Amino acid sequence: MTSIVATNQTILVVGGGIAGMTAALEAAETGKQVVLVEKNPWLGGRTAQLYRYFPKMCHPTCGLEINLRRLKANPRIQVLTMAEVTEITGTAGDYSVNVTLSPRYVNSKCTACGDCSKAVSTEIADAFNYNLGKVKAAYLPHDMAYPQRYVLDPSIIGTADAEAAKAACKVDAIDLDQQTETLNLRAGAIVWATGWQPYAAEKITPYRYGEFKNVITNVEFERLADPHGPTRGKILRPSDGKEAKNVAFIQCAGSRDENHLRHCSRFCCMASLKQTHYVQEAFGDEGKSTIYYIDIRAIDRFEDFYQKVKANPNVSFVKSKVARISEDKNGDPRLWGVNTEGYKRYSEPHDLVVLAVGMEPAVKGMAIPAALSEGIAADSSGFLAMNGNTGVFGAGCATNALDVNRAVQSATAAALRAIQVVNQVARAEN
Amino acid sequence: MARKEYAFYPGCSSQKGASSSNYLTSVQSMCKTLDIGLTEIPDWNCCGASIGYAEGGELPRLALSGRNLALAEKHLPGLDVVATCAACWLGTREAKERLEHSDILLRDTQIALQEAGLNITVIPEVRHMAEVLIEDFGYDALTKPVTKGLDGLKFAGYVGCQTNRPFGIDGESYENPKYLDKLVESLGGEAVKYDQKVTCCGGALAFSEPEKAHAQIKDIVESAYDGGADMIVTPCPLCQANVELYQGAINKKYGTKFNIPVLYYSQVMAVAYGSSAKEAALNGNVIRAKQLEALAGK
Amino acid sequence: MSATMAEKKHAAYICSGCELGARLDVAALVKTATKDGKMPLVREHAFLCSAEGVAMIQNDIDNEGVTHAAICACSRRSKTEAFNFPATAVSRGNLREGVIWVRPDTEEARETTQEMAEDYVRMACAEVKAMSVPSGNPNVGGSKTLLVVGGGISGMTSALEAAKAGYKVVLVEKTGALGGWAAQNYKRIPTREPFKNPEDTGVADMVSRIAADANITVYLNATVTKTAGAPGRFKADITVESGSTVTEDAGAIIQASGFTLYDANKLPHLGYGASPDVVDQGGLETLAKVANGGAIKRPSDGKEVKSVVFVQCAGQRDTTGEHLEYCSGYCCNVSVKQAMYFKDSNPDVETVVLYTDLRLPGNGEDFYRSAQNKGVIFSKAKVSAVAANGNGLIVNFKDLILDEDTQAQADLVVLATGSVPTSGPDLDALNAAVVASESKNAEIKAEADIQVEKLRAKSVLNLTYRQGPDIPHFKHGFNDSHFICFPYETRRTAIYAAGPVRRPMDMLQAMEDATGAAMKAIQAVENAGLGKAAHPRAGDLSFPNVRLEGCTQCKRCTVECPFGAIDEDERRFPLFNESRCRRCGTCMGACPVRVISFENYSVNTVGSQIKAINVPDEFENKPRILILACENDAYPALDMAGMNRHDYSAFVRVIPVRCLGSVNTIWITDALNSGFDGIMLMGCKHGEQYQCHFVKGSELGRYRLSKVGDTLKGMGLEEERVFDTEVAITDIVTLPQRINDYAAQLEAMGPSPMKGF
Amino acid sequence: MSANNTAMAVRYKNNFLKELEDQAEMGEWIKMCMQCGVCAGSCPTNFHPGWDHPPQEIFMMVRAGRREEVLTSNSMWMCTSCYNCYVRCPRKLPITHIMHGIANYAHRLGVAPKLQPTRNFGKIFWNNAAKTGRVNEVMLTVDLYFRNAEGKFDLMAGIKKALEMQSIAIGLVKAGRLNPLELFGGHKCKDQKGIQAMLKKARELEETRKALKAA
């Protein structure tokens, strides 16, 4: 049974992505008690699944290493993974929260030696790599997974594979009897940092995602470029493993579209500009990128990044929302549309198409606990908006379409708002 | 299953001796088997069709559809209006939407309708026959009456435009609607995969801009052949006519050897349900569907 | 009871779990720890990180008086929760990720693998002996007040949010009123559903809340003329109009000094100056305030404006080098808002927005739609010129959609000129001028003096820091952080930038940013009060100790410190301000006489490890390669190479360092003298896109170590024996290859002639 | 140019956008276009080969006040009513209907291209259907082939066209889908009077409504 120490001066942070980790760390490094709840078996969220950041082209895992070190060094943060908040009652300064923990089937004795994985034969879709590859059903989600502990996929529980894994573990870390459990804990303030999800590309039917293998999304492209990814960083297209040297990027795939996402997701333009670098990095002058766009939104300091890409003769820009994609006999996706700068029709084949899918708040459609919805309302896009006097505060991409930098600012601000509440509680009690 | 009753809107081209009269014949056979009761809307008129925009303008077109709806409401109260022609269905359904969303348009239409001694109180549902088959019966129910499975026959389900956009059949995608494929499969036939399923046949421009229409029809027929289809099946009279009738002209222009039958789903269903070639109006096809005729003859 | 006072007792713990027992001769390792490591207490355990293993160590600490523990098991990055003994000095010998996971499990590899393990045991023992548990910086300040410089939306927000958390705030505004730029606006961009109409600025409300807040002291018509001290103990001189000066104590500082609009006078081709009816966005706000919802009248003759054209990116996104290179981000939204001023007062006013890319992120799309719905016309166009035309204006532009050159008539033209930060002088320029001003050449000196004068006048904070009076600039003169994950990291500890001085931004973003800055400032005062380090080594209690008696006043530490932590006292000795220090160790690396050290990281903790490594003689054919690896990127990369079982040479010995900047050349020369065949330096990318979390650390380290060439020559060694390689944390595949290539290169070169001396 | 056309141009002082918002079906949507171009790329007749102006460009021209160019363009007449643009538009503009609306307006003003075949066919079709309440396909064909754009009977042109279409016609007759007898009567509604009156009224109402806006 998991045990957690929490009082009405504890800050509960929901979501262990970069926004949640930031809120938790900033509060803890200011001396506050924090409980951090994450539904994945690991921390880091979507930034951990990126290869590089714009505009520096540096690696998100570098910042993740620092944040994990801050976390390991800080006794004030209690982390719950594979955990979801199922109920919140009470008011600012005194919340009662139910957290449901799914079984990991691996306990804290795990040394991440990997013996269980060797013993298991079942393979499952590799969620960390957006299902582009497969992993053993006893797996370490990724090399920087924290907690550094293996996970047994529920699908093998009760099978010989599970027993094999248990038998292979020399340190008795596998506990097949683990059950779903629900914890109740107190909190004075809550930071809601549940992040975002890529818009479901199959809903943009003219682009035939899911039907044409060589039409993928921007988040999947990150995994293709990453040395930790399914192709070990080689940019190979799914249909035939051919090197994708001629890549099309379709902007506003879902965003700025009243049939899909009514808002602009802000990060996608920069993400595609960044990803043209991946193509260049992989194939040099043989790598060609074409960006189909409505407006290039390389906002504020990012402009010069855009100008540099624009100056690259291997990257071209077409002002056009692509109308539809068809598939040539050789598997090349063919883009149909009109370049609206002077009405030029095109019907262009490419090796690979990357849909710059937009950002949908993870809270959208999620059953927001009652006490939370009192304090926070969702806007027409499903983002959380502050709403009057409450002890619950949105942070990061749960509140708006933000890039990493802005998400971290938002989370830092949310940490202070939470501290204001618990400080009031403290003052009241002294 | 109890007999299902509908207010039927056949549309001009379905009339005796008109370009899709074979559609009507086959629909009647199909309905007989499925025990569908179609009562024609008394003295119905033309829907105005899309092309009516040029001369007709907005309100006169609304009046035309309004009249049909008023007649249906008056003589066949409580029944859904069912159309077999894609254009009739779309035009009438668009009219319903506009009248329900604009008080001004409704008021003006009512005033115009008074001239014909009619008025609207409740606008009935406006549905296409394909919707009725799928929603009120379902694929399983449509399989039951099959006596002559279409085993071994390959169909290109050509959905075209107006049963698909902007309303479409519930739950289908605009780019790759599957209902015709499922329909064919539920009759034991094979639905081939091809990529011009929703390409426009040129519609009324087949008359005014033949080259453009022919180019589009060529793409459609070509990809049906590439998909390995024996015949094309469609829910729309204009699609049927355009894709069937211009194959000769296209062969002349492009040196192709097109000669693929284009049928209505209702003809195919009638045959599968055991109707004769005549009942399925197979004789109404300019390019004869020999395989189907053979099957019907068995 | 801290370890320093109690008698020292050393112990080594060797784990045989995770295959260590099978792959290594653990008994031999125990002997090594006892004999070479000179550990009085050595224990082996089959599963050291288990509850029993940890209890065993804890028991030794509690009952055997163990004060220093060398734990030889897995990487220092693993099992941190288990091996957590706060009052004990702990070193970690990396036998798993660092040895057995990077070596093939073969008979022939067994010997070299064992030697590798034995060295890591020796190193762990040597290191732990040289370290002690940090006791914390005694020189802490007690002030928890925040000094906020700038009374605009950002500054007011920081003040209110900090006060709400219970902290005192001193708010300094140079003008006679709070509100800044926001106060000059008629309305602001919408911040909530339905994002369709401009909103009240909310300035008045904030001003009254500040007036009512007992925690906030406001100085108007005031500037900060001097800021001395360090986090937790700043002393700021605040000079008001009258010339009188007050000194306030502060624990941390928020610089919210805002921005000015880019000077439209630099855009004559867009008609500014030529006609009073060409205004910038500020000018339009003034007109709108006067109209106050009524018809907006043009400046020239007071005629009601019937047609207005907005020119986006005026003097922005410029590639010629004449104007602003960047996009100010907010101007599209502002033009949409201002176009609505016209449409809302009279729908018949022709309002056209000429843009190249409309940039309205997030819900801005709703605002855009709303404007179109109100009849605002948007055209993708490049404007070439604006000129007076009779008693109106004519705008010449290329319509990029219709692909034609055309023009539009207008009563009024609004230029979206964007923002320029009020971010103090460029320190590089200032320091250069200061150097020049010490010139013997009177002319140069005179000119330089004027320059220094000019630049100093721009100062916002007037810090007494040796490295200059303000926060160093980032790109385009903004006071931003270069780190994507850590947007608040400036190069001056406990001084945070907030609002448009950091990056161009609209009011809503500025308020969010200012709230975050207040969070960081509060955190800074709390930690400064406890003698703890700030990011990225947050909570670190170690701090630089300096033996002044050994100091030669060479100034390298004061010049190199990336965070300006070190000043000079009147005798020109380094004056450490511990609470400004980020504990990167650059000063320690820079010190030629090695008088600077940390309790848990020093020339000795690393040096003794190097000495502990067993260097076989030239006949054994077993070269030795020392790797000094950045602990944040290179070391994890090596760990992950191990996790993925990417083998590398058995001849390398890896020592993690806080930063390449902390590498003291003595380590290099010692290693070479003791016969090492080669040394690999693994640090982060430097230069414009630097990835070093101590900003300049890796760059300074590289520069310093590039000088060892002479030393090498002096010793008669090839330059290649010291190899500097840039490493990113993702190099898990390439790094082992690089190591092996280097090993092969050294093999080819032959053994170091220094062996056996 | 027709008098009506000049009157409108004067009335709206070349604020063409406003003019279409008032006078053309669904014209009020034109201002909402964001120039993404998805409509242009979705149009089937646009690729076989292209034509003067795709919808998005027409909308931009409207905003730019290029009135005559738009009204006399044959682009709107290229619409097959396939509704691809309509369902893909990210701003949910009913583009199909807007194009129809502009075409219809140009037609009403009498400035649409005289010999525009689609315009001509549309007119014939409507008159054919409106006459009896139901389409007479034979008369439709005859009117289409044997009358020129001005509606004058042209035997030679008719015969030429008829010969081209001969094989199709014969096929249809054989299949019982073309009945030459329809030349003499054929299908019609019973209440033709009512229908005529209804349509007359509808047209009046529409014209007054639009006139009021222009007033």
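Going in written order, the chains are labelled A, B, C and D, and every chain counts its residues from 1.
Operating definition for what follows: contacts are C-beta pairs under 8 Å (C-beta built on N, C-alpha and C of every residue); 3 or more make two chains touch, one makes a residue touch a chain.
Source: prediction; values computed, not measured.
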item: Chain centroid nearest the full-protein CA centroid; value: A
item: Pair with more cross-chain C-beta pairs in contact, given A-D and B-D; value: B-D
item: Distance from the mean Cα position of subunit D to that of subunit A, given in whole angstrom; value: 51
item: Whole-Å gap between the CA centroids of subunit B and subunit D; value: 23
item: Distance from subunit B to subunit A - Cα centre to Cα centre, in angstrom; value: 46
item: Separation of subunit C from subunit D, taking each centre as the mean of its C-alpha atoms, in whole Å; value: 65
item: Where subunit D touches two or more other chains, by residue; value: 34-35, 56-57, 84, 87, 91
item: For subunit A, residues contacting two or more additional chains; value: 206, 256, 319, 324, 340, 343
item: Residue list for subunit B, restricted to those that touch at least two other chains; value: 174
item: Pairs of chains in contact (touch as defined earlier), listed by label; value: A-B, A-C, A-D, B-D, C-D
item: In the complex with subunit B, residue positions of subunit A that touch it; value: 205-206, 208, 211, 324, 326-327
item: Complex contact set, residues of subunit A against subunit D; value: 206, 252, 256-260, 294, 319-324, 336-340, 343, 345, 347
item: Touch list for subunit C against partner subunit D, complex; value: 368-369, 372-373, 375, 377-380, 399, 401-402, 406
item: Partner subunit C, residues of subunit A touching it in the complex; value: 18, 25-26, 29-31, 47, 51, 53, 56-67, 69-70, 72-74, 108-109, 111-113, 143-144, 148, 170-171, 226-228, 232-233, 256, 262-266, 295-304, 307, 319, 340-343, 379-381, 383, 385, 400-401, 404-406, 408-410, 412-413, 415-417, 419-420, 423, 427
item: Residue ranges of subunit D touching subunit C (in the complex, touch as defined); value: 17, 31-32, 34-35, 56-57, 60-61, 63-64, 66, 91
